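Chains here go by letter, A, B, C and D, matching the order in which they are written, and residues are numbered from 1 within each.
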C-alpha cells in the first residue's frame, strides 16, 4: 500500500504555481457527504455557485462549470466556437500557449502561432501591436479567433488583455477573443466583460485554491451565438445543454459534487475577504519575492516589469547551473516543491508560486529554502533574499499598500 | 451562505444508484494535501493506481483515467475509435443507452438504435441475437462499433456482455465492442479481457465509492490501433499522450490529484476484501431487496430474472400512482433519497440503489422508509417488505452464499 | 498497526446509550487546528461557549467545563461541596447510582444508599417520598447532600428531579441536591435553576453528541458557598480558579481545545434546532421504540411509564435467554452495537440508545437488527417490532406531536 | 456563531511550546467514528496502545492513561502516592514547578520548595546536590517524595533526572521520585526505568502531537505499593481500578476514544521514525534556533548550555522592552503565536516552541517572524538570526549529526 503521508515531520511546502495548497476550510467543505445531484438541495447549491462565480470572473454572462480539469476547458472553448479547418491566431508566450496551439492542431483547426523571435517570447507578454498588424492583413476575416494566455504559468508573465481587445477592435476584425486565465483568476486582476473577452478559460487548482478537477468557460453572447453554428463534433463540452440545465441549478450529467462543495467555500472565502484585497495581497507577495531575487543578484524570467505576474516568479539560474538539480536538492533537503522549467525554459529557471493559501511567513520559509538550497548547490548569490523579503513585508503592511 | 449541513439530525440515506455514499475512509484519504503532479511521489502513486485498476477491470491492457466525469468517458470511447459519419450499432436498454445514442449523433456519427419495441426494451437486457442478426445484414462492414450498456442504471438490468461478444464473432463481423459499465464496475461481475470488450467505460461514483469526477476507458489493442487512424478531432480525450505519460505514472495534463488519493484507497478496500466477496455481497443485497418488493406485491422493473441487477432495483408503482410523488414524500419524511424514473420510465417507478458502502441494516432502513412512505402515499401493499428482507438477510449470511 | 477501519462495508450502527454517534459537522469542527489557549481567539471562544452552555442547562449560574470525562465531574461535585466523613444520602436507581455511591466511599464520605428492595430499584425511578422520610429522620442535619441520577443509563429510567427538590424542601432540610444527568442533558428535559439543583453533573458523549473527554458541573450559589469551606483536598477539580479564569474565557490549565471546538458546534446545532424540538424528537423516538418492544411481546426494563427514558430503552429478555449472547450475535451479524446489561442487570437485558445524531430510519435499522438477531437467537417474539415502529413513526410526524 | 477559521489566508504558525501543531495524519485518525468502549475492537486498541506507550516512556511497567489534561496527571501522581500532611520536597525551576507546588498545598500536603535564590532558579536546572543535601538532613525520612520538572516549559531548561536519582540514592533516602515531563516526552530524551523514576507525568499536546485532553502516569512498583496504603481520598485518579481494567485493554470509566485514536497514530508515527531519530531532530532544531538568538545578540533564558531544552528556547528581551508587546505585534502582523513569559518571567522574554510536527522551513518562517517583529518593535539586533539558522540547517543535515 502506498503511503501518501510520506513526510516524516511538518507540512510539505507546495510552492508550485498550481495546484496550490488547499485550505483546510475547503478540505472540510469537500468532505461533506455526496448528495443526490438531482435533489432539491443540489439545485439550490448550483444556483448559488453560478451566481457567485460571475463576481469572480467579473461578468454578467453565464459561466460554465465542467467536471473536468483545465485542459478540458481549453478544448471546450475551441470546440464550441470553431469548426474544423478554421484559422485561429495564437500568440506564443510560453509553454502553455504552446500546448494550446498543439491542441488546436489536434482538433483540426488551422492555428497560426505568432510571437517574438526565439526565446524572447518566453520573457515578455503578448504584443497587442503584432496581433493588430496580423489582423489587418486578414481583410477576408479568415481568422475566426484570437487565443492568448493571460497569466503564462510557465514564465510568470501576465499579459495585458484589454490591449488585445483594443487591437482587435482597432483592426476592425470580428475574430472572437479567447483567453486562458487558468492560473490568473482570483490572483491577478481579470475582467471578462470590461475587457470584451468572448471565452475565458479557467481552472480550480490555482487562485480558487481547490484541488484540480473542475474548470470553467465564461462566455459572451457572441461566443454563444457562434456555438449555435460551428461544426466541430461536440457533446460533453457543448454549452447548450449545460446552459439549459443551469437555469435550475442542475447539470445535464453528473457534476463533481464534492468539488462543488469546495468551490462554494472558496467563493465565500474570496468574496468575504473582498476580491480587491485578494488581488492586493498577491501583488504584495510578488513584490516581496522580487525583492529577494534582486538581493540574490539573479534575473527574473519576465523582462518587462509592466507584466510581472502576481502569481508566480520565474528565477533564472546563472549559465551552467542546472535549475532542476537545484530544485531537486531543495526538495530533498527542505521539503519544498518549486515549479520546474517547462519546454524552452527547461533547466534554465525554476518557478516560485506565491498564490492562494499563503501568508508572509510561508513565503519567507519558501525563500529560505531557495536561498539555502542555491548556496548548497554552489549558485553564487549577491546577498540575502530572505532578509530583503522580510524587510519588504515588514515595511509594506497589506493595509498600507491599498 | 448556503448551509450544506441541512439535515437536523442523523445521516441522510443516499440510496440512489450513484453517486453512492462515500466511505469515511475514502473521504479521509481525499483530504490529504494536494501534491506536485510532476514530483516523484506522484509518479509512484500513478503507477500503483494503474496497476491496481487493471485487477478491477480484469484486464491485462491499459486503463485510461480521465479527470472528467463518466459522460466524458463515453465521449472518449467514441472519439478515439470512430470517425465522423461512421455507422454505429447501439442497443436501447433504457435512459443511459438513449443518452449515449444522442451523444453519438451530436458527435456526427451515424448511430443505429435497435431494441425491443416500445417500453419492452426498458424491462429487458440486450438481445445478442438481434445484434447478431443486424451484423449479418452488414456484409460491407459499414458498422464500425457495437455499443451496449452493461448495467443500465435507469432500469436495473445487467446485460450479458459475453453473449454480445459471441454474437459479433458468430456474425464474423469486425466491429469494435464498446461497453458502458459506469454503474456496474466493482458491484456487478465484469471481465474486460475474457469477454473481448474493446473499450470499457466506467466512472468513479458508483461501485468505486468515490465522489463523481474521474472516469475510465479500459482499452484493447484493437481499440488502440483504431485510435491511430480515426479522424474524429481529439485532444483532451486522446489516448496516445496519456498512454505515453502513464508509462512513468504521470499524465499529460493536471490530473484530479485528490480524487486519485480516494481511488487509491478505494482500490485497496476492494482488493483487501476481495472482488469475489464484493460481488457476492451485492448479489445478496439485491436478492434481499427483491424479497421485499415481492412481499409488497409490486413489480420489479426488470422482467427477466437472468439479468436482475445486483446494483439497483427498479420498483414499479401501480397504475395511477405517481412514483415521483411517492419519492418526494419519502425524501421529506424519512431523509432518504431514491432514484427517480428517467425518460420513458418517468413517474412509473423508482430505483433503490444497493451498492457500495452499505450493510444489511442500511438496506433495512431504506426498505423501511420505502414501505412507510408508500403506505402514507396510499400505495396498496400486500405485506411487509422490510420483514421479508430481514428474514432473507438473517437466513442467508454472506459466508453461506459464497 | 491496528486497523480502526475494520468494517468491510457500510457504517457501524452505534446504538449504545453513549458515546453516541458524532455528527460529521462536529467531527469537522474538531479537526480545526489547535490554537494557543492563551491567545485572544481562545478567550472569545471560551466566553461564547460558557454563555451557550447555560441555555442548555437552563441556568443563570456558571457552568464549569472540565477537560476530563464524566466520572471526573462526579468527583468534582463531591470534592467541591463535601468534606471527608460527611454523610450523604444517595438513591439506588441502577448501575451508575451504584458506581457513584462507591466513589463517595472511596472519597472518604459516609454515603447512605437507600432504595427499593432488591432489583425493584433498578426498574423504577427515584422515590422522593423515601428521601423526604429519611431527611425527616435527620433533625441534626448530618446529611450534607442528596445525590440522585436523573437519567439512569443502565436501566432507561428518568427520575423526577423536581419532586426530589420538593421532598427536600418539605422536610425543611438544608442538604444540597447533586444530580447526575450525564446521559440526560440535551435529550431529556432538564432544568437546573427551576428544579433547585445545586450541582448538575453532565458529560459530552451523550446528548451533546461529542466524543467523550469533557464534562460539566453547573453550580448554584449555595454550592459555591459550600466549596469555600469544605475540607476535601482539591486542586484539579476546584471551582474557584476555574470560575476566576472563566471571567475572561480562559481556564487555569490547558483545556481540551479541539473538543471545545466540537462543543461550540454542538451547542449551535442544538440551539439552531431549538431545545424543545430536540427534546420532542427524543420523546417521539422513545415512543416508537417502545411500540416495537410491545409488538415483540417483551418487557421494558422500566416498569413505570411516567419515568420512561427518552434516551434509551432497556429490553428485558425472557427467562433463560442470555442477553449478552443475543447482543454478540447482533453485533457480529448486523454491525450493530447495543448496550450491555450492567451490574445487577447483567445478562438479563440489553439497552437500545435512541439519542443524538439519529433519525427515524436509523432506529428502524436498529430495531431490524434487534428483531432479526433475537429471532436467530431463538427468542420467541409475538410480532414485528420493526413494523410497529414504522407505523408509529409514519403516523406521528414530529411536527404533529409538538 | 464564532468563526474559528479566522485567518484570511495561509496557516497560522503555532510555535508555542505546546499545544503543538497536530499533524493532519493524527487529525484524520481522530475523525474516525466513536466506537463502543466496551466492545471487542476497543479492547484490542487499548492493549496495543498500552504496549506502544511503554516504548516511549522507556519502561517495562504500566502506563496509566487519564481522560483528563496534564494538570490532572500531576494530581494523580500526588493523590496515589501521598497522604494529607505528607512532606514533599519540590524544586523551583520555573512557573510549572511553582504551579505544581501550589497544587501540593491545595491537596493538603506539606511541600517544601527549594531552589536557587530569586530569579536564578528560573535560568538553571534542578540542582541535584541541593536535593541530596536536604535529604541528608531528613534522617527520619519525613520527606515522602521528591518532585521535579524534567523539561520546564516556562524557561526552556531540561534538567538532569538521572542526577536527581543518584542524589536520592546517595543520601540513602527512601523518598519517591516524581517527575513531570509533560513537555519533554517524545521530544527530549527520557528514560523512566533507567533513571529510577517512580511516577512520570506527561500529557498529549506536546511531543505526542495530539490536542490536549489526555495525560499519563508511568508508575514503578514502589509507587504502586505506596498507592495501596496512602490515605488521600481518591477515586477518579486511583490507579488500582484502571490497572485492573487495563489487563484487557479497557478502562473503568469512559475513555477519550477519539483522542486514543489519535494517540495510536502518534505512537505509530514516532516508532516508525524511530525515537532516536525524533530526539536528534529536536536537538538539531534547538541548535539552529540558538544560532539565531546568538546572531541577534540576545540572551537565552537558560544560562547553562548543559541543560538547554531541545523543545523550546526562551529569548530574553533587552532591558526596557516589553516582551508581550513584541509578541502581540508578531502575532498581529505575521500570524505567528509565540509563548508568553509566565510568572516571574512575565514581560521579560518570549518562548519559541520547536517541537513536534515541524520542519526546517517552519522554523525559518518562525525565526523570520520573530526577526521582523523585533525590528519593527525597535529591538536592537546584532545580525540576522534567520540567516544564521539557515546556514546551520544547511550545513548540519539530520543524517550527518546522528
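Going forward, a contact is a pair of C-beta atoms (placed from the backbone, for glycine too) under 8 Å apart; a residue touches a chain by one contact, two chains touch by 3 or more.
Since the model is a prediction, treat every value here as computed from it, not as a measurement.
Novice: With contacts counted as defined, which of the two, C-D or A-D, has more C-beta pairs across the interface?
Specialist: Between the chain pairs C-D and A-D, C-D carries more contacts.
Novice: From subunit B, which chain is the farthest off, judged by mean CA positions?
Specialist: D
Novice: Roughly how far is subunit A from subunit C, going centre to centre by Cα mean, in whole Å?
Specialist: The computed centroid separation for subunit A versus subunit C comes out at 54 Å.
Novice: CA centre of subunit C versus CA centre of subunit D: separation in Å?
Specialist: About 34 Å separates the centre of subunit C from that of subunit D.
Novice: Using the average of all C-alpha atoms in each chain as its centre, how far is it in Å between subunit A and subunit D?
Specialist: So the centroids are 46 Å from each other.
Novice: Multi-chain contacts in subunit B: which residues touch at least two other chains?
Specialist: Only 5, 11, 24, 28, 31-33 qualify.
Novice: Okay, in this complex, where on subunit D does subunit A touch?
Specialist: 5, 7-11, 13, 24-25, 273, 277, 281, 333-336, 356-362, 364-366, 368-369, 371-372, 375-376, 384, 386-387, 390-391, 393-394, 397
Novice: Residue numbers of subunit D touching subunit C in their complex, please.
Specialist: 1-2, 4-6, 11-12, 14, 16, 18-22, 27-39, 41, 44-45, 48, 66-72, 74-75, 79, 84, 102-103, 106-108, 203, 205, 211-214, 232-236, 238, 252-259, 261, 264, 268, 331, 337, 340
Novice: If we count contacts the way the header does, which residues on subunit B are in touch with subunit D in the complex?
Specialist: Touch list, subunit B to subunit D: 24, 28, 31-33.
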